[in-house]
Each structure stands twice: as C-alpha cells, then as structure tokens.
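Per-chain numbering from 1; labels A, B and C assigned in written order.
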C-alpha cells in the first residue's frame, strides 16, 4: 500500500505568489481608465494635503499641547472602543451567524443602522438616550449620580456605537464562510461548545476578526459627528484629533493640515500593521 | 513628472467646474438696469443671520422684479475661505471683523466693509433659571455645567475676552464648535448654562432663558458687510447693502436681538 | 440493549420524507447503508451523531442511552463517543496533522504528551511508507487530498469512539487514491473490529468493508442482510443498480417471472418461492446480448428498448436502456455490457432502437421486496 502516488499540493504561498507567467483574461483594458481615476480620487486629496503643508512649522504644530493631548485621547479612546466592540460585537456576530431563533434578520438590520445613519444622527440619538433628560441618562443620574455627556466615557460610547457594525459585519461574514462543518467535526471528536469555540471557531475566523478590528479601530479614530454632538469638545477629555482638526481650521489652516497629516500617518500605520495579517489568512 | 501632470489634470477639472458655476452669473456683468432680464444676486452670510436675511430676501425680490437672491449661509470662516478660493459671490456678510479681515487682507472686497449690526453674548439658562444665575461670575461656580464656544470660533473668542476683562476663569464642560451646539446642549438639559448670542436666545423662543450681564459689552461682536471684488452683480450687491443698513433692514435686525449699526 | 454496540429506532419528519428506521450493530460490526440521494442516509447519521434531534425514538451506543425522546434524553454530540469521517477531510486548517489527531484525546482530558504520542502512532499507521515526523508537522494545505483523508481517519479514531460514522469517506478522493484508502479503511476499521456505520454509493466499498448492508429508500429500510447476499440477490432496482446488476420486478410464475404488464421472463429460481409472490429477475449486464434487429431462434428473453446512454467502462461499454414509446417502465435503466469492438459494430447513437437478449440460464429469480 503506497500513499506517495498522489502528488502533494504545492504550499499555498507558492501557488498565489508566482503570477509572472499568467495572462490577464478577466480584465478588459478599458477598465484601467476608471480604475486609475478611482485611485486618484483617493490618493490626490492626500497629496494635496502634503503639498499644502507648512513643513517648517510642522514640528511646532504637531507638538503643541492640544495636538499631543488630542492624539493621546484619540488613541486611548479608539483602543478602548475597539476592545468594547470585540467583547460585545464578537458574541453578537456569533449569535447572528449561528443562532437559530426567529427575528435574527430584523436584529441584523438594526445592527447595520449606525453604518447607514449619519454619525450626527447617532450622536443625537445617544444624547437623547444617555443625556440628562434621556431615558437611561436620567436613571443613571438619579441612581448613581453619573452623567455621561462631556466625559471621555461619552467619546468611547459614541465611537463604539459607530464602529460596532464594522466588527460585527466582517466577523459574521467570516463565521458564515467558515461554516459549521468544522465545529460539527470538533463535537464528534468530543469537544464541548466552549472548547470548540476557543480552539476551532476563533482561529478559523481570526483573519475576519483582525480585519474587523482594524476597520473598527480606524472608524473610531475618524469618528467626528457622533462625538461632537454627544460628547462635546474639551481638550484632554473629549477633544479627539478629528475634533481638533475641525476647530483648528477655524483660525489656523496650517495647524489643521498638520493635524490632518498626523491622522493620515496614524491611518497608514494601522493599515500597514494589519494588512499582512488580514489578507494572508490561515488557509 | 507624472504627479505634476496629474495635478495639472485635476486643476483643469476644477477650473472647468468653476467655469460652469460662474457662467450663469457673469452673463450680464455690471448689473445695469435691464430689469426684465432675470438676474441672480449671490449673498454669503453668517449662519446667525439666517432668519433676518431670509426676511430681507423676500422684500428685496418684491422690490426688484426679475431678481433672485441666493443666500448661502455658513460659518463665517468657511465663507471667507470660499471667497479667498474664488467662489463667485456678490455680497459677504460676516459675523466677525477677524473673518472679514481675511478677505480684505487679500484685497477681495470692492470697498471697505461696513458694520451693519452688532451682537453681544448672553447667558442661556434652563427656562425659569433654576440655578439662579445672575452674573458672569456665577458661571465659575464649580457645580455648574457650563458650555461655551471653542476659542477658535468668534463666540468663543468673545467669551475669552470677557474672561480676561473680568478676571473670572470658567472651567467649561465643553467647548463647542459653534454657538448653535452650545444652545442645543442647554436646551436639551445637558448643560446648566451656556454662553450664546442674544440673537440665539431670541431665536430659541423660550426653550432657554437669557440672562443679560454687563460685562458682555466688553466683547461686542461686529457684523461687517461688503461687496465682493469683481462681483457679477455689483449694482444689486450695493442695493442689498443699502437695504440691510436702511430702515427695513435695521428694524428686522433689531427685532431679532441684534444691536444697531455703529 | 445489552451486547449491541448500537441500537437505534428513530423517526424524524422532513419536508421531503420521513426517516423511520431501526438499526442495530454488534460490537466490531460494520454496517453499510445504501440508498439513493434523498433517502435519508445523511439524516440517519445526523441523528446518530446527535447533530440532529429526532421526533421520536431511542438511540443507545453501547450501554449508554444517548437519545430517548420519550424520556427527554438527548446527550449532546460531544459526549456520545460517536466519531465521524465525512467525504471531506475537514482537517482544522490552522493546526498541524499532529494537533488535529491529538485534538480528540486532548478534549477528553488526556495530557498533551500522551495525546501526542497516540497521535504520532496513528499517523504512522495511516501513512505507512512516509516520514511520520515530517507528516505530523505539516498543515493540511501541505498535504494531498488522500493524505488529508488518512489523517482525518486517524483523527476520528484517536478518541476511541464507541461508534464510528463513515459518510461516503471515499467519494471525494481522486480515482488514484481511492483503492489505497479503501484497503486502509478495511485494515483499521474492519480488521481492528471498530464498530462503524458506512454510508456509501459503491457496492465495492460495501463488499470490501461491510459485514452487513441496509438499503434505505424514502426514509425506510427496504432491504437488509449480509453484504454478499444482498448484492448478489438484490430485491430492489436500486440495490441491483448499485450492485451493477439488472433487475426486472414481477411475480413468480411456473417458468420464471411475469412482469406487471404481463411479459413472461424466463429464469431459474434459486430459493423456493411460492407462485404469485413478488419476485425479481436478476442478471448481470455482461449476460445481455445486443442487436440492431430482432434476433430469432434461441430460447431467449428478448426486449425492445431505446438506447438512453453509452457509458465507457474500461475495456467494455455499458449501454443503458430506456423504454421505447409505450414500452413498460421496468426497462428504464437496464444495462448491457458489450466490448468496445461490438459497440463500434453496432454504431448507434442514444435514441436508437435496439434489442436486448438474455438467455434464461443467466437469469436468477429471487424473492423481492414488495
């Protein structure tokens, strides 16, 4: 009995990387034109920022007290919100992808709301829920003496609100793609649902979880509308980078551009850090 | 090399778009008496002028048949940078001297701007003033949740000026990006008090209560108005300014809470 | 229920059919489940593994009752000791072969060192002639399809399941990899006395691997018995087709069998059957001669058919029949094996009219399923 007769498949990497000898058969030539325009629409405005920037003043602009405080607050709140998104949105994605009860479809459309709503609307909604006269806000205030608006917690809530769907959607997609066949196999091997989740489901959807996390983090970093309506704007407490950019440009374009470039750099770092992991996958 | 070519392309596109926008206005440059031909007067005005200018627009269009007044409301500095960047406009009415200055500095007004109204800050409180706020100094009370404008915007600059003049330092809960946001935070009950313009309290029609304080006179906000240089409808633009500074305009502004022309 | 490795009586209502079967297996016995698509085979495996909950019935694996609808017993899949090897290997893509095989024992609480030692032994066993250490360290993407299925088998065996379910384990493999995998299954399942239920479409798999065959149709068992007996004396057209035999259903009459439309089919009765009882005339396709014109003379069963399909099978060609206009429906699917040369001489296309002839001495008459 020989088992060497069927040829092992080449490792994944070799199969995908070497494309030098392949011909494009699915790319009409005209498509290059709109494709290039699309790329320029994204790339040129950033280039415009670069050209407009006052490089001599850059160090001074970027190290101002307000800029440093905003950068720090942005990174901290975005990180906290992303963790919240994972802790709460992860299980929500699992329920949406694996749950068998009725009404999940409706639930899913509600989850997508922040994705289609203008963030300002989200901020208003939060304000009237958690604000001083809101349903929850009033209870919190009377019961515990807690007020949410104008605090860093409000920034985190606003960011979590707008970023949650990004994580839920990409994770749910990954869960659906992975399917339940591996989980069924794990069960027949004696693994409890908890063990299966930890050792099979999570590793299988890790690429989806990573890209969802990156998307959510990026969305948190860029959050403006909901924050400004719900959390307010105060240096060191609620003034994140986008808010500072917005307010700075009232008086000082150079400062606004410098801060914008800072956001661009942070965004590029996020993508660069996350991309290899999210696109390689594990299969 | 390539980058420059692309930029050139983009600039070309931008010019093309700008050209399209301007062509309708420039058809009868000079704005002379051809009353029959439909003409459009373009006014860029600070957002706080919305209600008063809308009232004046109706009157102006009745008085000048065939003329359509198009008013673009916005933050003063946004409007100023639009003019600096070449947006076609006839009249610019700003909510601060500083923003008008960014336009005059570039020599983009036809004549020196004229102050047509003033505005002062007022304390907005919850209806009935439950906290009993009576003076600017009361706002420094640590338990009060006070919301002001960010110092980068005119209402915030005015507030800072008052702080300096009075020696009272506020610790605001938030520095909002515009005066309407301050008003909203108070009217929604999330803030105990806010510093807004008298005109905002008038426009809020009872959802907040105004408390006048004498120190407000330390920071009077001027509203300058000017004809934009090379205005497509320079004649109509001057007529508009005449109305704003005339009896009807001043009455309308006064009713809205604005101070008189200096 | 003492002594049996599996004792199951279950009913489950589906939209298309109702699964309603009793299935037992002795310790060490391999039972093949045959049946057309949609007959309920996968549903049956789902019920046994616990992934599906039946509407009624009872399942016992060894001495443990894992499902008892009346008593409200429903042991979850991971506590049943029922293993599964499916068509696809479904090795966990993020784990090495070793970690895959050690997964079951680890889930059962076996210390890592012991679990991996057992996994190494099993990998070496299912991949003889290969460097076991090298294979153990590979990810599924670095193995061939056949190798993956072998490791999947090792993984299914590692937790020592009381019952192993094999769901068409050879169906997705390359033709080249199938025979070796089949003999591996024989060695580690049948020879090692692993109790197993094998779902398959192949008579060969059943013959090589199973002690007993159960045929499902429309959710019910229509035929069962020792593998060789069921496959050589099929009682239903489906079993005959699986076994590669032709079958004509009818009732017993003095000279053989009379079909439901009245045709007389001559043949020899192997087992005694009462006149008028349901019976089946069974003959191998190789016993069928094929003519373009009606043959005369010899004492043969002669059937007029329309050629439905031509299926090359190595050095013979299988001609598949369908009823001509107005002909009896039992002609559907009858097969005749002819040599390539004979097929070339006939020079026919599907749709042509042909005559099938079978000598009475080649036709066996069996009792049939009603």
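Just so we're on the same page, a contact is a pair of C-beta atoms (placed from the backbone, for glycine too) under 8 Å apart; a residue touches a chain by one contact, two chains touch by 3 or more.
Because the structure is predicted, anything quoted here is derived from the model rather than measured.
At the far end from subunit C, in terms of centres built from Cα atoms, lies B.
Nearest to the common centre of all protein CA atoms is the CA centroid of chain A. Averaged Cα coordinates give subunit A a centre that lies 50 Å from the centre of subunit C. With centres set at the average Cα position, the gap from subunit A to subunit B is 37 Å. For this pair, subunit B with subunit C, the centres built from the Cα atoms lie 84 Å apart.
Remark: subunit A residues 40, 44, 47, 127-128, 131-133, 147, 149-150, 228-229, 231-235, 238-239, 243, 246-253 touch subunit B in the complex.
For subunit B in complex with subunit A, the touching residues are 3, 6-7, 10, 75, 77, 81, 145, 147, 150, 152-153, 172-177, 181, 185, 188-191. On the side of subunit A, the complex with subunit C involves touching residues 1-9, 11-12, 181-182, 184-193, 195-196, 199-200, 203-204, 206, 282-283.
Those residues of subunit C lying in contact with subunit A across their complex are 49-51, 76-79, 81-84, 86, 88, 90, 92-94, 103-104, 107-108, 127-130, 141-147, 150, 155-156, 158-159, 161, 165, 174, 176-177, 180, 183-184.
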